[in-house]
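After the structure tokens below, expect a handful of questions from me.
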Amino acid sequence: MKLKKLLVANRGEIAVRVIRACREQGIATVAVFSEADREALHVQMADEAYPIGPAPALESYLVVDRLVEVARAAGADAVHPGYGFLSENAAFAEACTAAGLTFVGPPAAAIRAMGSKTAARKIARDMGVPMVPGTLDAVAGEEAARAMAREIGYPVMLKAAMGGGGKGMRLVRREADLAEALRSAQAEAGAAFGDAAVYLERAVAEPRHIEIQVFADSHGEVIHLGERECSIQRRHQKLVEESPSSFVDSAMRQRMGEAACRVARAAGYVNAGTVEFLVDAERNFYFLEMNTRLQVEHPVTEMVTGLDLVAEQLRVAAGERLSLRQADVTWRGWAIECRINAEDPFAGWMPSPGTITGLRAPSGPWVRDDSGAYEGYTVPRFYDTLISKLIVWGPDRAAACERMARALAEYRIVGVRTTIPILERIVAHPDFRAGRLSTAFLERVLPGVQPNDARHRDLAVIAAVLAEYERGRRAATSGGQHDASAAEWPATAWRRAGSGSWTGR
Amino acid sequence: MKLKKLLVANRGEIAVRVIRACREQGIATVAVFSEADREALHVQMADEAYPIGPAPALESYLVVDRLVEVARAAGADAVHPGYGFLSENAAFAEACTAAGLTFVGPPAAAIRAMGSKTAARKIARDMGVPMVPGTLDAVAGEEAARAMAREIGYPVMLKAAMGGGGKGMRLVRREADLAEALRSAQAEAGAAFGDAAVYLERAVAEPRHIEIQVFADSHGEVIHLGERECSIQRRHQKLVEESPSSFVDSAMRQRMGEAACRVARAAGYVNAGTVEFLVDAERNFYFLEMNTRLQVEHPVTEMVTGLDLVAEQLRVAAGERLSLRQADVTWRGWAIECRINAEDPFAGWMPSPGTITGLRAPSGPWVRDDSGAYEGYTVPRFYDTLISKLIVWGPDRAAACERMARALAEYRIVGVRTTIPILERIVAHPDFRAGRLSTAFLERVLPGVQPNDARHRDLAVIAAVLAEYERGRRAATSGGQHDASAAEWPATAWRRAGSGSWTGR
Amino acid sequence: MKYVATVGEHELVVDVTGTDGRYHIALGDQRWDVDARLTAQGIYSLLVDGISYVADVVDRDGSCLVDVRGELYEVTVEEHTRHVIRTRGGAAGAGAGRTLRAPLPGKISRVAVRPGDPVKAGDTLLVIEAMKMENEFKAGAAGTVAEVRVQPGQAVNAGDVLLVMG
Amino acid sequence: MKYVATVGEHELVVDVTGTDGRYHIALGDQRWDVDARLTAQGIYSLLVDGISYVADVVDRDGSCLVDVRGELYEVTVEEHTRHVIRTRGGAAGAGAGRTLRAPLPGKISRVAVRPGDPVKAGDTLLVIEAMKMENEFKAGAAGTVAEVRVQPGQAVNAGDVLLVMG
């Protein structure tokens, strides 16, 4: 049966991405929004939009019953969870199915099987997929952790059993730091996933993080769409991703792809999923976890394969067969994605919520901007900091790098701090250009990175002084009083005051 | 030799396009601007920018000596002419070469050979390429035209001998209209090309306009990159283009491609060029003319071939060999381009210059926006009305159409009238979806097209009334006086007053 | 607050109450609850019974142009009492006669008529050259040319009266 | 018009004359002719001897943040006379002591120190949970905690004083 109306149980750029795919498939869309998101882009782009509660996600985007109720009331026949929030929540998938809604994602059983990283590790082991040595179960407490860590040997990695996106993850180099790391990891895991359980595994030295995109339909067909290289991370969160990986040749791609498909089959998987691997310097790959949802970085796979993954998700969820078989999958050129977050990379990645007073997104040949923002949009402080994903394609890696550098230089976001300046430095770095990547790349490079090297200091001073000069002149002409915001950014000031509504409340 | 610094002898989106390509190739860029373009995007994006005179193109963008002088003074070693302006002016190409500047385009001789449509028709005839019957030379006067028209038979087409872009072109259905049409065609031709000469040919009934992209290097290699379907036109100007054409199968593509390459070789052609054909209902194709420059619609060819045509132009101009041979050219999927012009399609395509007070360009998967505008930009009244080119790619034509419809719906340009609403109706039209295209498509469809079908009238009224309501409330709170612009669009009002500079001059 | 909105031939009385982005609207005999936000200059987000609309509203000499879901509406809004006062006079409401004004700045490239000339609908009156295109102006209905205020080569600004029909 | 601009440790005297987007600037012993336009809110286009720069300038509590060609500069601009008056007092110009203020709104998830605690550089002082990440604050230098003004679970706004070092 064809899907007619779909509720997007998410916000931000991914909600926009799903709405775009639905529109192109002729499927009506229903957006949901918290009190902080009335003016969000996904609300404006959907056909319908309904409020679901206060700003905190726990009281809105994470309330299963309310989402199902809204979907029902709006007459939707399907739900797309996006990533994060309830996307890997088996109970939500079940609630949707119970309500007669098609859940655009894997069966609840598969989510559950892979949702627990510890359970997933057992499946991978049974499938003969190599793994990093570590605990197969969550660590009982500080004592047990200490003992296990000694057995495995430092450095060790603490990971949330129910985790994802690097939350509740800690690298521990020496026993002295273990207790503190365990406490904060458990706290973060509890806050993020409502389950404080963490497990422990050996930390691979300077590993690469390479993942395989798999796709399965409800007719038993399972294929892979090649790898994504996601080694550039900060605080265990991906910052730059690409496909293919310069570290992976076709033989290795096939081996990793087959291993990923084995895991997917064993889990009775359907729809889009990702199997994450750690790869060491000798090109040995180790199963990390399986993400039972669409990945943030799915666009790089789309650009090289030419396949619209979200459209394919919708077709597969509707019971159709995969639109292509493994033999039909072809790769063309190279794609890179950079994550534009509202953070200050020069102040410990401090989140930088606020109003985007000026916005100019790059475009032109083979540049794609998957954004949830617009000029005048206020980045709320309640959710993750992702503003937009900048994706480029080129015939080869060198061309893609040049294009990304060009696109980043064009990208202007005024009003909030972003990761753009650090991304520019990463893409320009000789190690990055040479493909010498590892999850330690950023830690190694960051210390040397400065907000500026004083090359344009005089010009910066001139710009700042001229702004002040004209501000004064206008103030003088407009009756003497010296009110910067009123004189210089009337619209912003007004918009801020009215927080986007028509009246100053 | 590698190019180091290039002057872009153009403005608007094509200047931006060339600057982007140069940046990705590591070539420094020099922009030029008239007094009307100080704040244009190409000035902001280039490494250097120099004024070249008053707003009228005849006193700035068309002044050969000044452009060459600026290029020399800036230390540029190359010049890209873009399209329009001096792009097909042999004297300019010669002046560049004489000044030791690499002209990114064909040799002056080839421009000259093809620049005169009448001379080009002779070459095509000699190459055995089919042509529409008509005069091989410009018509002497009204008498001669009438005689020739009688001989050929009505309807006839009048075309500027030095023409392009549809200027100086007139369709004449009956003898009574010939004199008037000839006068206005000559006037328009004279104004646009400084040469009033027009020639006359038989008008093909409901023809398709299909062109072949050719590329030649300075080592004698000539290839073609397939066709572009450009049948959707208004006033003989293209509005929607696509590649491939649903009317052309691989055999026909090969025949047309070979014919195009023959013409290019005969003209001693080098770099990117386009051979335009008329195709009748029986799939007979007739040589129309050769454009010795980059086409406005080049992006659709880029999206399906994966080849960056401007980058290739730069490499070929630097003396390198073509980066691929005919056998290496592969086509993937379908691409469509829509031209966003500052015109009012519901008022006879009346130009609509002015300030763009609000701008939201579409993006997301396989959507490309080649634009020369930004929010706050003022479209000058001195040049053509093209604001931006919206290009989409899809795995097949149906997917590309759905994507274009989605992208057009997302595109918001506030402050000037644009072709977006008419483009939405074209892309939604059953004949367009079915690929039933011809240069008469728009004339056939337009009469039935209305600005609205009253479906959302109540909502429009509500929006307008609420705007007025809040305007009144703000006026009341801000001291009683009722000043819409000041109360509602302070920034715009201010920007308009200051025409973008910091002070109200 | 009561208004009269004119769109095409329709004249609608609209009553608005509310504040802070939430409004109650009476349009003819219909009632609407509208959540409306100005998300950017001239770009409004409206939620009406859960349906999401984005409407662009631009002032355009007196009336405003509304773009909603690709449809364009020209709407004139007037405070109700003001409307009553203005229209009581009847004729006062009528237009200023059939004058052809320049809709955009440009150069007169040709004048096809002289004062006293009779014209029928579709006849070319004059041609303005602007943005590199010749824009032809044809008579909308039959009549006689009363005045011609411009000559070929003359530059004109938007709003300038070009000619007056009798 | 004369200003004092402070960027990092550098203090520069800048003299500006000009109008209508064209300015003459004296910076130290250098002279510049600058064509500067505000093309959008906070986005400036500058032409200096033909070189084209785009500079984003944002006011940020007193000083302003300038982004030019991917480089970020924090610049404080003060009218020259005002600067002289303010700094004549000398000490008056000094900072308000070592207080830790919340750089963004969030919730205190942990306080690692008590008043009187000695801390060395790098010691964790407290943790703010904001935008789903735990943001750890470490001591920049050794010292003693004088006051702790917040407790775990407490919500704080940007600028709130969290603790004061002795």
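So that you can tell them apart, the chains are marked A, B, C and D in the order they are listed, and the count of residues begins at 1 in each.
Keep this in mind: a contact is a pair of C-beta atoms (placed from the backbone, for glycine too) under 8 Å apart; a residue touches a chain by one contact, two chains touch by 3 or more.
All values derive from a computational prediction rather than experimental measurement.
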Original post:
So which has more C-beta pairs touching, A-C or A-D?
Top reply: A-D
Original post:
Compared with chain A, which chain's mean CA position is the farthest off?
Top reply: C
Subject >> Inter-chain centre distance, chain A versus chain C - centres from mean C-alpha coordinates, in Å >> reply: 47
Original post:
How far is the middle of chain A from the middle of chain D, if each middle is the mean of its Cα atoms, in Å?
Top reply: 30
Subject >> Centroid distance [mean C-alpha coordinates] between chain B and chain A, Å >> reply: 38
Original post:
Listing for chain C: what residues touch at least two other chains?
Top reply: 19, 36, 38, 40-41, 54
Original post:
Tell me, which residues of chain A touch at least two other chains?
Top reply: 45, 360, 374-375, 409, 466, 470, 473, 489, 491-492, 502-503
**OP:** Please name which positions on chain C make contact with chain B in the complex.
**Re:** 1, 3, 5, 7, 10, 12, 14, 16, 19, 23, 25, 27, 30, 32, 34, 36, 38, 40-44, 46, 48, 53-59, 64, 66-75, 77, 79, 103-106, 109-110, 127, 129-136
Subject >> Contact set on chain D toward chain B in their complex >> reply: 19-21, 35-41, 45, 47, 50-52, 54
Subject >> Residue numbers on chain B that touch chain C, as the complex places them >> reply: 167, 184, 187-188, 191-192, 235, 346-353, 357-358, 360, 381-385, 408-409, 412, 414-415, 420-421, 424-425, 451-453, 455-470, 472-473, 484-485, 488-489, 491-492
Subject >> Parts of chain A lying in touch with chain B, wherever the complex brings them together >> reply: 16-17, 20-21, 23-26, 45, 299, 302, 306-308, 332-333, 360-361, 363-371, 374-375, 395, 399, 402-403, 405-406, 409-410, 466, 470, 473-474, 477, 489-492, 494, 502-504
Subject >> chain C-touching residues of chain A, taken from the complex the two chains share >> reply: 31, 38-39, 43-50, 74, 374-377, 491, 495, 498, 500-503, 505
